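Both complexes below contain chain A, partnered by chain B and then by chain C.
Up next is the complex of A and B:
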């Protein structure tokens, strides 16, 4: 299979919808197959790679931090980057700068960066296909 | 004494994979622990929460694996058995989805949509989620 380059736009914030679970499943397959992923994290999605996300215990479940093993999207982003690198794909994960500033989530996990809508424009121009998963 | 509150839950499966539960069922359980007196009515797509044996495999992204994927049926059982929160489901919404009574977890009570307004009158507060 030839390597493709995809432009992706995400908008949902962490912990608000199932859209991100679907998106990460798709991204995982793209990374497994060694495709290039250029992702623009817009609006609430600018918090996906926020480095200060912290797993918590869950008293309602009766579980401590280790037992609950609560997902953080920053770990999912990091795992995606590692998987892509392992399979020869490149990921350019761009966090919308103004969205980041509004939300105070300016500290990102490694190998993601701050950017702007101009990056998404470049991503679309350079892509074999574009997938936008908007907030509804 | 806490105000008797009826919670009609209609929004379903929103962020359950990331939260590993439904945020409203979780909230009500936590509030009950703080002294609230809740009752739950599942309607619309949320009636599926009461179907026994459901669950999704955990999400996997590269080397990251989810180990505590949600099981909504267990959360409904927890409300009924451990927290003593009555849980009703709208029977017309079950029928519309082809779900039989025998598929539901024990302790769930059926309620007709036609009877819901009368049921609401028995509570001091009604929240529609």
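Up next is the complex of A and C:
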């Protein structure tokens, strides 16, 4: 299969919806196959790449940070970018500017950027296919 | 004729909208399109043989290819599927996107 470019829209915030688990599974397959991913993180999803997310211990279960091994979406975003690059693909991860301002999550992990819904319009025009994953 | 992948994430027992999505699948097939309905997340509950889900059962053998996400089934401990529903990996979504099929998520 030749390299494709996909436009993806996410809207769910971190740590709330199974939609994101499924979305990252799909993104992982795209990255493994070396496709380009143009992703617009809208509304709550603008927090996925927020750099100040911190793994935590679980005192109820008596686990420290390492034992709890709590996943963060910022690490999942970073891993996605690395996997795509390893396989020859590019990820343009755009965080909706107004959404991050509203939520105070304007500090992103490396190689993601601030943008607007106009970026998603451009992504759709430039992509081979589009998948929008709305909130429920 | 177009090819569609309709991804259903919701359990029909939690949302009446699911019935409308099944209707969309039927309508697209009746209009001459090829449709795959991919059940993910809680949508796979309807694919149990014991589920009282007549609207999904009506789609079986209607010309719609019905798939259920293997990961979602495993998470929920579902090991038996309604006749006519096939197990599928998440890679199926990317296969359809690569092929240029119109892909919708509900």
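Just so it is clear, the second predicted complex is superposed on the first by the 136 of 136 C-alpha atoms of A that agree within 3 Å, B and C clash if a C-alpha of one lies under 4 Å from a C-alpha of the other, contacts with A are read in each partner's own complex, and residues count from 1 in each chain.
Going forward, a residue touches a chain if its C-beta (ideal position, glycine included) is under 8 Å from a C-beta of that chain, and two chains touch if they have at least 3 such contacts.
Every value quoted in this text rests on a predicted model; they were computed, and no experiment measured them.
Undergrad: Once the two structures are overlaid on chain A, check if chain B and chain C clash or fit side by side.
TA: Once both complexes are aligned on chain A, chain B and chain C fit side by side.
Undergrad: For A:36 in the superposed arrangement: first (chain B), second (chain C), both or neither?
TA: In the superposition, A:36 touches no partner, neither chain B nor chain C.
Undergrad: In the superposed arrangement, which partner chain does A:4 touch: chain B (first), chain C (second), both, or neither?
TA: Only chain C is touched by A:4; chain B is not.
Undergrad: With both complexes superposed on chain A, which partner does A:71 reach: first (chain B), second (chain C), both or neither?
TA: first
Undergrad: Going by the contact rule set out at the top, does A:82 touch chain B (first), chain C (second), both, or neither?
TA: first
Undergrad: Would you check which partner chain A:60 touches, where first means chain B only, second means chain C only, and both and neither mean what they say?
TA: First partner only, chain B.
Undergrad: Return, as a multiple of 10 degrees, the angle whose vertex is the Cα centre of chain A and whose sides reach the Cα centres of chain B and chain C.
TA: It is 60 degrees after superposition, to the nearest 10.
Undergrad: Contact-wise, after the overlay, does A:112 reach chain B, chain C, both or neither (first, second, both, neither)?
TA: Neither partner.
Undergrad: In the superposed arrangement, which partner chain does A:20 touch: chain B (first), chain C (second), both, or neither?
TA: In the superposition, A:20 touches chain B alone.
Undergrad: Minimum C-alpha distance between chain B and chain C after superposition, to be given in whole Å.
TA: 5
Undergrad: Check chain A for residues that touch chain B in one structure and chain C in the other, and list them.
TA: Correct list for chain A: 18, 25.
Undergrad: Can you check the complex and tell me which residues of chain A touch chain B?
TA: On the chain A side, the touching residues are 14-18, 20-21, 24-25, 27-28, 31, 58-61, 63, 67-71, 73, 75-76, 78-80, 82-83, 86.
Undergrad: Please output the residues of chain A touching chain C within their complex, sorted ascending.
TA: Residues 1, 4, 6, 18-19, 22, 25-26, 29-30, 33, 35, 128-134, 136.
Undergrad: Within their complex, state which residues of chain B touch chain A.
TA: Counting only chain B, the residues touching chain A are 13-21, 26, 29-30, 33, 59-64, 66-68.
Undergrad: Can you list the residues on chain C that touch chain A in the complex?
TA: Touching chain A: residues 9-10, 15, 40-42, 69, 71, 90-91, 93-94, 97-98, 100-101, 103, 105 of chain C.
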